[in-house]
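What follows is a single structure, written as C-alpha cells, with notes after it.
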Amino acid sequence: MLLTAVTFLPLVFALLIACVPSQQTRMIRVASLVFSLIVFAVSVVLVARFDRSTAALQFAERLPWVPELGISYFLGLDGISLWLVVLTTFLTPVIILGSWESISTKVKGFHASLLILETAMIGSFLAMDAILFYVFFELSLVPMYFMVGIWGGTRRVYATLKFFIYTMLGSLMMLLAIIYLMYAHHDTVGLFSASLLDFYKLQIPFVAGTFLNPQTLLFFAFALAFAIKVPMFPLHTWLPDAHVEAPTPGSVILAGVMLKMGTYGFMRFVIPLFPEAAGYWAWLFIFLGLVGIVYGALVAMVQPDIKKLVAYSSVSHMGYIIVGLFAMNVYGATGGLYQMLNHGVSTGALFLLVGMIYERTHSREIVKYGGLAKALPIFTILFLIVTMSSIAVPMTNGFVGEFLILLGTFEVSRVYGVVAVTGVVLGAAYMLWMVKRVFFGPAGELVKDDHHPLVDLNLREIVVMAPLIVLVFWMGLFPNHFLDYSKASIEHLIQTRDAYQLTIHTSAAPGAASGVTSEVVSAAETAEARK
Amino acid sequence: MPAMTEALLKVSLNHYLVLSAILFTLGMLGVLLRKNVIVILMSIELMLNAVNITFIAFSRYSGNIDGQVMVFFVMTIAAAEAAVGLALAVLIFKRFKEVNIRYFEHLRG
Amino acid sequence: MNMQLLQDVVLVSPLIALFAMSLLPVMMKVFQGNREPNPYVTLFIGFIGLSLATGLTAALSGADKTAFSGAIVFDGITAWMSYLVYLITAVALMLSFDHVATRGRQFAEFVFLMLSSVLGMIILIMSNDLIVTFIGIETMSLCLYILCAMSKEDVLSKEAAFKYFILGSFASAIFLYGIAFIYGTVGSTIFPDILESVGTLISTNTLFVVGLAMVTLGFAFKVSVFPLHAWTPDVYHGAPTPVTAFMATAVKASTFVAFLRLFESEGYGDAVQFQNVLQWLAVLTMLIGNVAAVMQDNFKRMLAYSSIAHSGYIMVGLIAAGFGNNFDAGATSVIFYLFSYALMTLGTFAVVAMFEKAENSTVGMNELKGMANRYPLLSLSLTVLLLSLAGIPPTLGFFGKFYLFSAAIEQDMYWLVLWGVINSVISVYYYLRPIVMMYMSDDVPVEIVGTNGMTRLTVIFTAALIVVLGLMSSPVLKAVQRSVTNLF
Amino acid sequence: MGSTGHHHHESAPVNLTKSNLMFVALSALLLGGIGYSLRGATAVDGLFATLLLAPLFGFLFNGLRFRSPNAMLSGTVATLAAFVSFVCSVLLVVKMSGAGGAPLSAQFFDWMVVGDLSVSAGFLVDKISAIMILVITGVGTLIHLFSVGYMSHDERPSKYFAYLNLFLFNMLLLVLGDNLLVMFVGWEGVGLCSYLLIGFWFSDSEKAAAGMKAFITNRIGDAGFLLGIFTLFFLFGTVNFSEINMRAVQFGIESGWAGPMTLACLFLFIGATGKSAQIPLYVWLPDAMAGPTPVSALIHAATMVTAGVYMIVRLNPLFLAAPNVLHVVAVVGGVTAVMAASIGLTQWDIKKVLAYSTVSQLGYMFLAAGVGAFGAAMFHLMTHAFFKALMFLGSGSVIHAMNGEQDIRKMGALQKKLPITYGTFFLGWLAIIGMPPFAGFFSKDEILWLSFHSPLGHWSLWLLGLIGAVMTAFYMTRLMALTFWGKSRVPAGVNPHESPLSMTIPLMVLGLLSVIGGWIGIPHVIGHALHVPNVLEHWLEGAIHGIPGLQPGSAATEIALMGISVSLAGISAIAAFTCYVRRPELPGHLAARVRGLYDLVSNKYFVDEFYFGKLINPLVEGSRNLWAYVDVNFIDRGTYLVSDMVRGVGSVARTVQNGNLQQYALYIALGVAATLFLVMR
C-alpha cells in the first residue's frame, strides 16, 4: 500500500484543498505545505525500507484494471525510480514554500494543480504497466498546462500550448507502440498484458540497418515521446518558451521533475524493451545528445534573458544524460541517473533563485543587472553555489554525475568523450559570463535604484534554498549514500540489457506490507491465470 | 407492329436500369441546378421514383415479389417526406418571402 | 402463426410503449383545446416513456431473437444501444426543457417529435433488413427536420431545417438507390443474406459493389463523413442547441450501429478497393473536421466540426471491424466510443445551451473568458469534457480512442491509426482554446441567466461520469464486449 | 582599523551572533561527521584530518561572518588555521622521515564506487607531496599574515580570508590526494578560489572579467585533465597514483603518438598548461593580477600555478613511459620561458612584470620536467615559491605604500622610503636572476645543466633556458631600477611609507628563504668541493625515477655552462642597470629603433587579440546565429509552418463551407461519383 499511498496521497490532499474556501489563502498554503511534507515523509519511509541488494521490483502492487486487455494497476519501485520519486516529493514542499508570495492569485487552484501534478509524476515513475504509465505521463501535462497558462507570463498561452501539443504528439506515438506491444504479447503468449514485466520478455524482431522492422519502429515511437519530453535537440524549442513563461514553481517542477520523465522513460522503456534497436541506434542518440550539449551551451551563452539561459542550459544538461544513458555502460547509466537528480536539485534551485530576483525587480534581462553581489550578498552566495553545482565543480553534486557520464562516454569512444568534454568548458563559460554580468561589475539599471533598494533574501527564502544547498554538497561528497540504492538496478540493466527481466521482490519490506503486497500480486496472477 | 413488339420484347433489365439511372441523374441534376425550392423537392421525388423503377425492374426480372412491396414502403415514405418538405417550404416562404434557395445562406463558414 | 406474431410484437414492445407515451402529451394538448400542458408534466411523461422502454428492453435483453421474418433483430447490441439512445434522449429532453429556444408553447409537440425520432432510431438499431433500416432512418430524420425548425428563432433554425431536409432527402435517395442495387444482385435485403453473399459478389458483381457503395454513402451522410459532411456545421449551428446535442449523439449512435451491422461479414476481407476508399474517407473526415474546427470562433460550430472529426475516428474502428478478422473487437471499440462520445458531447453542448441567452444568440469563444473565476465547478466540468474530447487520459474519451486505435492496430492498420494520432494532436489545439478562455483570461465573465438547473446538472453529471468511467472503464468495456458477442 | 572593526561589530551584533551560531552548528555537524568517519582512526589520520580541515574551519568561520569588517579577527583566525596546517604538515613530514621515508596515507570514506571505478577520499604524504605541503602551508601562513595588514582597509576582509582559507584547503586536497580524482577536486577547487579571489573586487568589471577568464581558461585545461583521467582509468583500471605509476613501468616505454599512455599524458599536460599558465593557455595569469596582491603571491606564484608541474612530477614514471610527451613538455616549457620573459621586458605594471616572470619561471619547471629532471623541477618549484612570493609580497608592500599605484614609471627611488621592502626585494632579485649562492641559482642551474646533458634534453633547450635567464636578469633589474633605484617619479601627494610589521615579517622570512632555500640542492660539482651533500636529491631518491640513461657528466662542462649563464645574466643585469638608472633615455631610443618588434612584444604578441578576435568573438557571434537561424528561424519556423498549414487548410475548409445548399449537394454528388469510380476500378 505504500506506493499507492505515496502516489495518491497528493491527489487526495488536492481534493481536500479544493474544499477549502478560496479566500483562505494562508490556510491553503499551510495545508498544502503540510500535506506535501507528509507525502515526503512517506517517500522517506520507502527509502528506509528499500532493500538495496536487489534489482527486483519492491513494494509491488498489482490489481486488475482493464482485465479485458490485460491492463493492470501495477506499481513497483526499484533503484531506478526510487530517487526520482523522492526527488518529486522533495521538490514539492520546496516549491510550495518557494511560491509562498509569488503566487498570489488563484491560490487554491495553484496548490491543487501542484498536488495533482505530484500524483501524476510519482505515478509515472512507479507505474509498471505501460498503459498506467501512459495515463500518468499524459495526465501530468494537464496541471502543468494550467500552471503555465494561468500563472505564467505574457506569452503564457502560446508557450503552454506549444508545450502541450509537442508533448502530446510524442506521447501518442508511444501509445501506438504500447498498443502494438500489447498485441504482440497477445500473439506470442495468448494473453493480453500491458505489464512492463511481460513486455520485457517479448522478442521483438529486429533487422539492423533498416527502418521498417517492428523493433526499430517501436523504438523510435517510444524514443520520440521521450526525446520530446527530455527534450533532445532538435525537439527542444518548446522548453525555453515554456520556461520563460512559466511561473517560478512551474519552471522548477518542469525542469526538476518533468524532464526526468523523459530520461526515465529511456531507462525504463526504450533501452530494456528494444535492446537491439537501442544498441544499433545508440550512435544517433549519442550524437544528438552531444549536439544538444554543445548547442544548448552555445545558445545559452547568447541569451539575453536569465531564465531562458537556464532553460537552454537544461537542454545542454539533458544532453549529458542522454549521452550517458546511451553509452550503455554502468558509468554512463549511473551518471545519467545521478545527473537526473542533480539537475533536479541544481536547476530547480537556479529557477527558484531566478524567481526570487524576478520578484524583486520584475525583469530577467541580463543587461539591466550588474553589481548584484553588492546589493544582495546572501542571494549571490547561494546563486554562486548553485552555479558551481550547475557547472559541475567537484564536491558539488553536478560533478559526480557529469564525471560518470563523461567516463561512460569516453569508454564508448574517445571522440565522443572529447566532444562531450567541451560542454564542461562551455558550461562554465555561459554560466560565469552570466554571473559576471548580473552580479559583478558596476550596479546596473535595476540594481542602483536608490528609492527601492533591493532587499536580500528573507528567512523563508533561505529556508527554501537551504535543503537544496545541503543536497548540493551532500550529493557531491557522498554520492554513495544515494547510488548504493540504485547500484543493483543499474548493473542489472546494463549487464542483462539484451535479455532484460524484472522480477517482483516478494520480501521487499519487512512486516505486514510485504504480506499484503504478495497477496495482491498472487491474486492478480491467479486472476490472470483463470482467464 | 411486330417490330415494336420485337423491340419491346428485347427490352432487358439493363434498359430499365439505364432508364432509372437517367431519371435518377436528372433528379440529381435538378437538385444541383434548380434554384426554386419547390422544383428541388420535385427533383427529389423524381430520384425516389427512379429508384422505384429499379426496384420493380429487379423484382420483375428476378421473379421476386419483395421489390414491389418495397416500392409501397418507398412511396409511403416519399409521401411523408413530401409533406414535411412542403411544410418546411411553406415555413421558409413565410419567413423569407422567397423560394430561391440562394437566399438561405446565413449559415456558413 | 399467432404465437409468432405475439412474440414479434413483444420484441418491439419498447417501441410501442415509447410511441404510446409520446402521443400522450399531444393528446392532452388536443383534448385540452390546444392548451399547452404543464411542461413538467410533459417532461415527466417523456421520462416515463423512456423508462418504460428501458425497462422493457432490459426485460427482453438476452433474447437474441429476430422478428418479423428476420427484418428485426433483438440482440446485445440492440439492447445496449437502446439504453444509450434512451439515456441521450433523457438528457436531451432535460436540455430542451431548460433551453430558451425550445421550452414554451410547443413543448408537447417537441417531446412527441423527439420520442418519435427515437422510435426511428430504435428501428434503425434493431433493423436487420435494409428496407427497415431505410424506414428507421426516414422516421428518425423526418422528425429531426421538424425538430430543427422548432425553434422560436426563425432565421437560422429554419434555414438549418431546410438544408438538412433537402440534403437528407438527397442522400436518402442515394441510399435507397443503393438498396435497390443490392436487392437486385442479392435478391434480398435482409442483412444475413447480403452478408453471406458479400464474399462472392464483391469481387465479381459491379452492380453489387455500386449498391454497397451507395448504401455506405447513405450512412456516411447521416454520420457526416467527408464529403457528405457539409450539412453538419450549418445544421448543428442553426438547430436549437438541445436538438443539436440530440442529433450529434443519438443519430450518430444509431446510424453507426446499422452501419456496423452492414459490415459484420468475413466477406470484406478481399475488398481492397472498398477498404481503401473507406480509409481515405475516414482520414479526410478526421482532417476536415479538425482543421476546420481550428479556425472556428463560434463554440457551437467548432463542436460541429469536432463531431465530424469524431466520426472519422469512429470510422477507424468501423473499418477495423469490417475489414479485419476480429469484428467483435472493432465493434466493441466503436460502441464504446459512441458511448463515451455521447457523454462528452452532451455535456459540452449543454454548456453551449447554458450560454445561449436568447434564442438567436451564438456563443463565441470570447464569451467563455474568465468563466473559471465565476463558475469554477462548471469550468472544471467543461475542462474535463474538452480534455476527454481531446483524448487526454484518464478520461473516458482517452479510453474510447485507445480501444479504437487498439482495434485498428490489431488489424495492422497503422497508416490509418497514424492519421488518427496526427488528428488527435491537431484537435488538442482547438479543444484547449475554450480552456484558455476560461482560465487564462482575467476578463469579467458573462453571466449565465435563466433557468438551467437541469442543464447544469447535465454538465456536471457527464463530466463526473467521464472521469469515473474513465478510471473504471473495465465494466463498461466488459458490458459492451458481451453485448457484441451476445454473451449475457 | 581595530576601532572601526569594533564599531561595526557593535552595530550588527545580531548578525554576528547569528553567524556565530551557524558556525558552531555547522562545525559541530562537521566535527560530528568527521568524528564518526574517524572511528578507530590512527594518529596519522588525525593529523591528515586536522591538516585539511583547519583551513576549512577557517573558511566556515569567516564565510559565515562574511559581512564583518573586522580584519583583525578574520585575519587572525585564518592565519591560525593556516598555521595549524603548517604545524600538522611539519609533524607529518617528520613522522614520515622518521619512519624511513615510507609514504603515509589515510583513507577517509568511499567517494565514488561505480563499476570498476572505486575512488575514496584518500590522502598520501610522500617525499614529493611533503615538499609541497610544507611550501603551501608555510608560505601560505606567511601570506595570510601579510594579508592581515594588507587587507586591513578593505570592506570585506572576512570574505577575503574565507576564500584564502578555502584555497588552502583545496590546494592541500590537490597535493595530498592519493588518486587523480581527489587531485582533480583540489585542482578545480583552487581554480574556483582563484576565480573568486581574482574577482574579489568585483565591482570593477575588468577584475570580474579577469576572474572569469581565469576560470574558463583553466576549465579548458581541466577538460584535458578529465580526458587524461579517463584514458588512464580505462588503460589501467585505476585512478590511484601509485598503481598508475606501477602499471606504467610495467607497460614499458611507449613510442609514437597514438599510444594510450602518450595520449593520457598529452591530455594531462593540457590540464597542466591551463593550471600552470603555459602556452597556449597562459593568457589568464597576467590578467589574474587583478586580484589582491597577496593572492597573486600565494595562488599565482607560489602554489596553485605550480600544480601542473607537481602533477607531472607525481606521475613521473608515467611520463617517462611516454617520452614523446616529455619532449612536448620540454619544448612548451622552454618556449614559454622565453616568450613570457620577453613580454616581461616591456611591461610597466609592477605586477604584470612579476606575472610574466612567473609564467616564464613555470616554463623552466616544465622544461626541467620535460627533460626528465623532475627533481630539478621540484627544486625550482620550491625556490621559486620563496622568491616569487617574496617579490609579490614586496610589490604588494610597494603598492600598499603607493596607495594602490602599480605603474613602475610612477615609482623610483623607493629604497629609502621602504627599506625593509627594498632589502628583501633585493634578495629576491638576486635569487631570480640566478646569482650564486642565492636560491634561484641552484635550481635554475640544475635545470639548464640537465636540459643540456639529459638524454631527453638537447642543446637547443639549453639555449632557450639561457636566453630566458638573460632576459629574466634584464627585466628584473629593470624592475628593481625603476621601482627602487634612480630618481623618484612618485606623483605629488603620495607619501610612500613602510608597511606594518605583519607585512614585513613575512617579507623577512621569505627573504631569508630566498637566500638559503637553494642550499638543499647544491649540485655535486660544487658540493663535492665544499663537502656539502645534495640534500634534495637524496630526499627525492626513490620517490622520483632517475633520468633513464643519464651518464655522469663532465664536471668541466657543467662548470663552464654554469659560468656562461651566470656571467651572461650578470652582464644583462648590468645592461639593464645602465639603461634604467644611468641613462634612462636609452631604452626609449632602443625601442624606437626596433619599433615593430617592440610593439609586438609590448602587446604580448597580440595573443589575447587573436584569441578574442579569431576564437571567442566568432564563437559568440556564431552562437547568436545558431540561435537565430537554427532555433528561431528553422525549428520554430518549421513548427509554425505546420501550424500555419493546418490553419490554411482550415481556412480553405471554411471557404468551401459557403452556406450554399447546392454546393453541398454537389460535394455529395461528386463524392458519390468518385467513390463509385474508385470502387468499380
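By letter and in written order, the chains are A, B, C and D; residue numbering begins at 1 in each of them.
Just so we're on the same page, a contact is a pair of C-beta atoms (placed from the backbone, for glycine too) under 8 Å apart; a residue touches a chain by one contact, two chains touch by 3 or more.
What you see is a predicted model, and the numbers here were worked out from it, not measured in a lab.
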Neighbouring chains shared between chain B and chain C, ordered by label: D
Which of A-C and B-D has more C-beta pairs touching across its chains: A-C
Mean-CA-position distance for chain C and chain A (Å): 42
Distance between the centres, which are taken as Cα means, of chain D and chain B, whole angstrom: 99
Separation of mean Cα positions, chain D and chain C [Å, integer]: 78
Rounded Å distance between chain A and chain D, as computed from the means of their C-alpha atoms: 38
Contacts with two or more other chains, residues of chain B listed in rising order: 28, 31, 101, 104, 106-109
Shared interface positions of chain C, touching two or more other chains: 162-163, 166, 170, 174, 233-234, 429
Pairs of chains, among all present, that meet the touch criterion: A-C, A-D, B-C, B-D, C-D
Contact set on chain D toward chain B in their complex: 654, 657-662, 665-666, 669
Touching residues on chain B, where the partner in the complex is chain D: 28, 31-33, 101-102, 104-109
Residues of chain C touching chain B in the complex: 131, 134-135, 138, 142, 145-146, 149, 154-156, 158-163, 165-166, 169-170, 172-174, 176-177, 179-181, 183-184, 187-189, 233-235, 237-238, 301
Residues of chain B defined as touching chain C within the complex: 13, 20, 24, 27-28, 31, 37, 40-41, 44, 47-48, 50-51, 54-55, 57-58, 62, 64, 66-67, 70, 73-74, 77, 80-81, 84-85, 87-89, 91-92, 95-96, 101, 104, 106-109
Touch list for chain D against partner chain C, complex: 643, 646-647, 649-651, 653-654, 656-657, 659, 661, 663-665, 667-668, 670-672, 675-676, 678-681
